[in-house]
Amino acid sequence: MRALLPHPALSALLFLVWLLMANSVTPGGIVLGAVFAIVLPRFTRPFWPDRPRVRFNRALLGYALVVLYDIVVANFDVARLILFRRNRDLRARWLVVPIALDTPEAITVLAATISLTPGTVSSDVSADGRFLLVHALDVADPAAEIARIKARYEARLLRIFA
Amino acid sequence: MTAFDHLIVAPIVIPAVTAAVALLVMRRRRRLGAALSLAGCVAGLLAAVALLVTASDDAIRVYAIGGWRAPFGIVLVLDRLSAAMLVLASLLGTIVMAHAVITAADRKGWHFHPLFQFQLLGLNGAFLTGDLFNLFVFFEVLLIASYGLMLHGQGAARLKAGVAYVVVNIVGSAIFLVALGLLYGLTGTLNMADMGVRIAMLPSGDGGLARIAGLLLTAVFALKAALVPLHLWLPRTYAATMPVVAALFAIMTKVGVYAMIRVVPLVFGATTGEAAWVPSPWLAPAAIVTALLGFGGVLSGRGLRESAAFAVLGSTGSLLLVLAAWTPAATAAALFYLINATLAGAALFLVADVAMRRRGQYGDAIVPTPRFAGQDAVGLLYLATCIAAIGLPPLSGFIGKLLMLRATVDAPAQPAIWATILGTTLIGVVGFARSGSAIFWKPADGGAGLVSAERSRADLTAPAAALGAIVLLTVFAGPVSDWTAATARQVFAADRYVAAVLSSEAGR
Amino acid sequence: MEFLIASAIGALVAGGVYLSLRARTFQVVLGLTLLSYAVNLFLFAVGRLTVDRPPLYAKGVADYADPLPQALVLTAIVITFGMTALSVVLALRSFLESGSDQVDGIADEEAES
Amino acid sequence: MLGTLFRASRTVHLGVAGAATAIGFVVLLSLAPAVLAGDLPATRVAWVPALGLELSLWLDPLALLFAGLILGIGFLVVVYAAGYLSEDEPTGRFLSFLMLFQGAMVGIALSNNVVLMLVFWELTSLSSFLLIGFWRHTAEARQGARMALAVTGGGGLALIAGMLLLGQAAGSFELATILTRGAIVQASPLYAPALLLILLGAFTKSAQFPFHFWLPHAMAAPTPVSAYLHSATMVKAGVFLLARLWPVLAGTDLWFALVATTGLVTMIFGAAIALFRTDLKAILAYSTISQLGLMVMLLGFATPAAAAAAVFHILNHAAFKAALFMNAGIVDHETGTRDIRRLGGLARLMPLTATMGVLAAAAMAGLPPLGGFISKEMMLHETAQTAVLGQTWLVPLLATVGATLSVAYSLRYALGLYFGPQRTGEVAKPHDPGAALLAPPLLLVALALGFGLLPMLIAGPLVTATTAAVTGGAPPKIDLALWHGLNLALALSVGAVLGGAFLLARHAALAHRVATGHWVDAKRLFDAAMDALVTATRRVTLAIHAPSLQRYLLLLFATVVVLGLDGATKVGPVLTGGRATTPASPAAIVVWVLLLAATLTVVVTQRQRFLALVFISVIGLAIALAFVHLSAPDLALTQIAVEVVTILLLLLALHLLPKQPARLSSTRRRLRDAVLGLVAGGGASATAWAIMTRVRGDTISTFHWANSYSGGGGTNVVNVTLVDFRAFDTMGEIIVLGIAGLAIFALLEPAVRGAAGQRLRAWRDTMPHSPERHPMMFVMATRLLLPLALLVGIYIFLRGHNQPGGGFVAALIFAIAILLQYLASGYDWTDERRRIGEHPLIAFGVLIAVGTGLGSLAFGAPFLSSSFGYFHLPVVGEFELATAMIFDVAVACVVLGAVMMALAQLSHVAQRAARQPDAEGER
Amino acid sequence: MSSAIDLAVAALVLLGAAFVLIGSWGLVRLPSTMERLHGPTKATTLGLGALLVGSVVFFQGKLGVWTAHELLISVFLFITAPISANMIAKVHLHRMRTGALVEPESIAGEPPAPAPDVDWATFQAPRDGSSASTAGS
Amino acid sequence: MIEVALHIALGAVALALLLNGWRLLKGPAIGDRIVALDTMVINAIAVIVLIGMIGGNDTYFEAALLLAMVGFVGTIAYCKFILRGDIVE
């Protein structure tokens, strides 16, 4: 099984994407999608050394839902800022987020999540990979915001990329 | 369909396969690749000759690519004109390729053989196609291959000239597309035969647009043919590139001429109103200036390659000047001269190459040197080549010029045409006499001994072969001129071409 | 719509002509790029403009965008891309070889001063 | 044969040449009786019927006379050459040129086809060029050769025009026919131009004033041998031509005015100069000019008697002038000089040479009892019959002046060389040469004597028959004799002799005056004119062909604009057609605004290259949106993908190109370019408008639509067009792309060597850079994106036949996916992980495309015929397979190969140079 | 098509378009590059997301088939948009550090250093072996 | 109703494009221009989706998908050019 599917998570993603793209669920489509889901990860294996393992657990699902929820909420928050807050009243801050995640993949997912939720943009990572530089559009309390990020996202990611 | 019917695709398939195989083979086994490439040239020549024999029955053969009949699909058309051009290109290609292999010029850079084969493919395709957009595509093939070949061997001057050559031609291609689009927008077709028919039926308000399209189209052809004022790219390009490549390029300007001969009578013939004989008011004056500038350049050239380049220019000018009469007789004469001018132009460059190989640091500069190996033999070759190139007896250039003079005896502009042709001949005579005597006669001051170690005579083979072809053209000038006359008649009988293409049984 | 396309073609041509007449290779390449956009638009436009009728065959459909110019433009885009790539590389290579990216024929030393 | 001649020994060369000439002469002699009896041997082989050119030869008395002269004297020359040419001369080359020349001359004489005659005519110019330039190491020889070629070759070109006009007027190129159509020709409007052009040819060849100047310099030829040839035969070609065309051209006032006058002037002029030359060959050369003038003048009179005099003088001149040249050659050969001032009193040292020299000179002077006397008498007699402007005395007087001068130079030659104080040039004791050098001139002198003593016996029949041939009438009654009684001609002749003696007596004083006078030197004039021509031409050529791309493009655009205006003036009022326009949505207008603004900004910011690129992206995006809006999904896809690759390409190049803003061109130039751009843009807009608003007629794409599914097996008509209806275009298109890849590789692969490599290694980026090469987030994202993008690419490829997509876009997606790896993880990292090389991709792509095409031949279908079918598999269900998809695989292979080749090579250049600092030059 | 679906589609489309517009408005009115960078995230996420969901519902209603491939667009944007933002922020940081800024700085000022002897990757090459470095892998 | 909503939405997105264009022209930082271009690509996706809905066909889906997938490549390349000069190293 491991030899056939070196990376089940990637294969699953590819299979899903194929079905989405084909926009229909036909036997032919499933066969083709399965073939590509198996072949492509093997073919591109050299381009992704040290693939971390991803666990399919509740954390994954929870993470997805939390992020989606946060995106929606943050969108409205930021929309309000853009529409009604005067520039000089903006409390834009740099946040230095210490990170416990230790694979680049996991850090990237965290950083991407932060960027996707409006109001915060992951701007850089430290040279030793242990801090994330986040630009926040409007924060009253930087420490609380950092804590929120670690608790809401990083904690879940630690469980997914175990 | 018989196997023989499919022969018409051979001039395209053979170089394509040769190019691809040479590309695969060359990286490991150079000699094998070169041999394959040469064999491909010979095979292409044989196929072209077979097609020429086929076409000599005066029938116009139509081959529907993919089985889609004209005007809906792309058709290849074999008539006398296309067959003659195929043979000319294949013959030249074989000679030049032989020279490149003999002199190891093909090893001066990467991918000479694939590029060369693709160049032949582009030429052959352009000669065979009956579809205007497809003509554009093959123009692009032959152009981009020519860019690669032109830059073969590289060096600052060549690269610099290459930039100009490439950019000018890219703009030319853009203009081609505009003309093409306009014609499609007006006529709704891309097949040249069909297009001619439809232009003749355009409502009167569209005549001006058809004329614009025709003028732009001929401007593109004139750019390829290097007609003043669109000729500026030629001298430096041809003088800067390797002579063996320039020798092949002798046919490049003739593609522009071919395209005019093919397109104007067929698409912009007498019945097309404002678009009739579309380049007419512009062509002859431009051709006169071209001929003058060309042979003037021969007179004032500082290097063999430069003067050869100008000779190519001059011959194109003479040729187009006669062609501009748009009569079968003039076209017949121009075609004969075209064959001679192509071979002679190529021979000039090959001889220049041979001289350069022997003159060491003196290169092709028109200056005296100490004696060099084979000076007399090379000098004799140069003499004969110049004779052919300027049109002195006894070689075919002279016959070509006489034919052109005779064909224009009743032309309204006869005095101007004759004065140009004969006057430029004189300028060319003086110019070649100067360069020849400076290089092959005049000894360098205080120079002694040989300048170069090149002693092999193998490199004389290809120039001699080119001259041999010219001699054959001279000896068989009768049959050849009969052939070109029949060709011109066929070209001007556009209705026969149209009938053959549009009523072809072939295809779905 | 026709006016928009026609004027866009004109603007691209004007810009392309102007830029390709500049003295350095990069500007010339920019000019060629603009010209090729213009040409592609023109070639596309000669099939006349059609909104919301992509040339995907379906029985009984009689109103559709002319597919042929689209095919021609596709071919032209590909060819133009090849030509652009070659000209860019050539411009670079020529600059590396001669130390100058001028195309106005003025000697390079003169251009530097 | 030439090659053999080159290599064989001197004896063999001479033997072959002599034998060939002798055989020719003997054949001619054997035919002579019949010809003189009225036979007309002829032969003809068709050559170029379209031209009226045939190898048509005949032998009438005139041809016989000339061919005989050429071959007879030619044989003597070969014999003479055997004695003259030294061992180390390349005799093979010399004799082949000589034989070529001789052959061409005989050809002129025997041609019965005027076009054929033109061939031979120009051949004589060419071969004489080679002969004159034979001693190529001397500047004199080279210049003389070039001048001779320019003048006689140029005249020959005029002759071509003249002959063609003549043929046109006469309705035939057959000489025999033309000669019978004098009346028709002379009535034709073409007569005057034809005559002028023909005379131009004849006069240049025969060195008539003012085209005489080349002949003396032709004497730079290696030996008197060839010099003789020029003076004794080649220059007579012009005279021959006048004689040949006499029946058809002569007899008009124009003919008389041009021909007789030119001859007369030349006669006096040449003689006057000959008198003051000091080089033996120059004296003889100018005397030749003068004598030719005499013959031309006679032919100009256009009477049978004058023609007879001309014919007889041709014979005489050939004999004595050939003898004189050989004589001068002997003197040169034996004394080492040709300067008459350094020679004298040689009669005692070389008696045989002196005897024959004196006799030949006497013939030239027209002294009895030599043939020259008779022909001169005839000449003077004819002049006495000629009135000009109503005056009967003018022509005889001038002719006598000419005769006087010729007596003077002839006597000077004879007396100056052989009598008086002894001067022997370079050699202490010159002596008579061997038989080879002596025999030929002796024979000729004997002939000259014979022409005088027994004229009717030796020359009578020939002169009679030839004159008849010249005039085209009945044989005239001629009486060649030394004594015709006391008449005006005799009186003039005596006067000439006396005058000549007087002139010679006063020669020293005259020579001094001539030497100190300011004379126009024709050669210097000619050279100056030539130099000026070359300089001017070079200047013009350089000025026009300056290596400026800007100028190339300016002219190209301007031409297009002018041509567009030519057509536009005919568009007239119907700029707008009858098609209803499409309404524009606000979104479309916004995109249009963006496009226009971006275009303008690119133009304005062009000097800030990076910014300009950003705006190029905007234009690309706007066009993609336009394609979406205007029902072209395939185009939008392609545009988007190509745009990305293009930007990468431009950025890669921009990195190494100079980034400093370009020098601003002058305001005038910018204004000019802006105006040109606006006019071109306006024209393009108007054209686009005109075409878009026209009602669409019947188009071939209706067929494509209708047959896309049923015949091509796909519903995406654009794709079916590309891979089926017009697959041939697509094949060419991918080949273009493949070639671009190969050419780019060929350009960049060697870029690390030579000047480019040095510049690359010396290259330092001036911009400050971030030290981070591979940003983590980017790298991680691309690792996920690679399989995803490949999947999307495959999807777009597979559905292309029925929905937007296809091989090209798919390949671009593959390429972008891989390029992303390059961008994120660097060249080396990515390159070592790639599995397929670009070269094989391109090669196999082309092979697959052609193979697909050829595959259909196996089924008897034309090249590139497609086939498709619907298949059923368990589980999978029904699916379609089409050969067009194999073709699309080829498309994808080539596109991927070419794009990767271009970008990967480009991205690698700078690093490779840095990595191999010592790889200079070698491979 | 039922009016409930109509309503849902209209609402989703309008919501999406509104966020797209607000994002772009933010891009215009916010004071400096780093702040402006927050604008587009709206368009990327909820703006396009709502539009795409609207499209899914619309075609479901129109064609009567369940189509969801629009969601793929969001998938790709979720992968790519953070990378773009990250790189643009790096450009800003780099120019700020090299003194190339001609525009107003972010309200947030200069970023603080992460730790005493460590700097951000844009200013200091990532250390080998750390998770910020991809060099060895 | 959908029709009206779609046209309003298209107008809003078009206005957004116009705002992006303004920022692109204005700058002032190179980062601003790159953000503006990146946003413009995303808004263009919105335009394509809306055009597809207005026309009632989903033929343009691939164009939008492709733009979402490769549109950022230009952004990245521009940024990399500023950061490193050499976009591939």
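Letters A, B, C, D, E and F mark the chains in the order given here, with residues in each chain numbered from 1 onward.
In the analysis below, a residue touches a chain if its C-beta (ideal position, glycine included) is under 8 Å from a C-beta of that chain, and two chains touch if they have at least 3 such contacts.
All of these numbers come straight from a predicted model, not from anything done at the bench.
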item: Taking each chain's C-alpha mean as its centre, the one farthest from chain E; value: D
item: Distance-maximising chain from chain B - centres being C-alpha averages; value: A
item: E-F or C-F, whichever has more C-beta pairs in contact; value: E-F
item: Chain with minimal offset from the mean of all protein Cα atoms; value: B
item: Between chain D and chain E, centroid-to-centroid distance (C-alpha), Å; value: 69
item: Centroid distance [mean C-alpha coordinates] between chain C and chain A, Å; value: 40
item: Between chain F and chain D, distance of the C-alpha-averaged centres to the nearest whole Å; value: 60
item: Whole-Å separation of chain centres (CA-atom averages), chain A against chain B; value: 62
item: Chain C: positions in contact with at least two other chains; value: 20, 25, 28, 38, 42, 45-48, 51-52, 54, 56, 68, 75, 79, 82-84, 86, 90-91, 93, 97-98, 103
item: Residues of chain B engaged with two or more neighbouring chains; value: 133, 137, 140, 144, 147, 151, 154, 156, 160, 163-164, 167, 171, 178, 181-182, 184-185, 190
item: Overlap residues in chain A, where contacts from two or more other chains coincide; value: 17, 21-22, 104, 107, 111-112, 122, 125, 129
item: In the complex, chain C residues that touch chain F; value: 51-52, 54, 56
item: Chain C to chain B touching residues, read off their complex; value: 20, 25, 28, 32, 35-36, 38-39, 42-43, 45-48, 68-69, 72, 75-76, 79, 82-84, 86-87, 90-91, 93-94, 97-98, 103
item: Chain D to chain F touching residues, read off their complex; value: 585-587, 589-591, 593-594, 597-598, 601, 610-611, 613-615, 617-618, 621, 624-625, 628-629, 633, 636-637, 640-641, 643-644, 647-648, 651-652, 654-655, 765, 767, 769-770, 772-773, 778, 785, 788-789, 792, 796, 803-805, 809, 813, 816, 819-820, 822-823, 826-827, 903, 907-908, 910-911
item: List of chain D residues in touch with chain C within their complex; value: 546-551, 553-554, 557, 579, 581-584, 588-589, 592, 595-596, 599-600, 602-603, 606-607, 609, 612, 616, 619-620, 623, 626-627, 629-635, 638-639, 642, 645-646, 649-650, 653-654, 656-658, 662-663, 665, 673-674, 676-678, 680-689, 691-693, 696, 699-701, 704-705, 708-709, 714-718, 721-722, 725-726, 729-730, 733-734, 736-737, 739-741, 743-744, 747-748, 751, 754-756, 759-760, 802-804, 808, 895, 898-899, 902, 905-906, 909
item: Chain C partner contacts - residues on chain F that touch it in the complex; value: 51, 54-57, 59
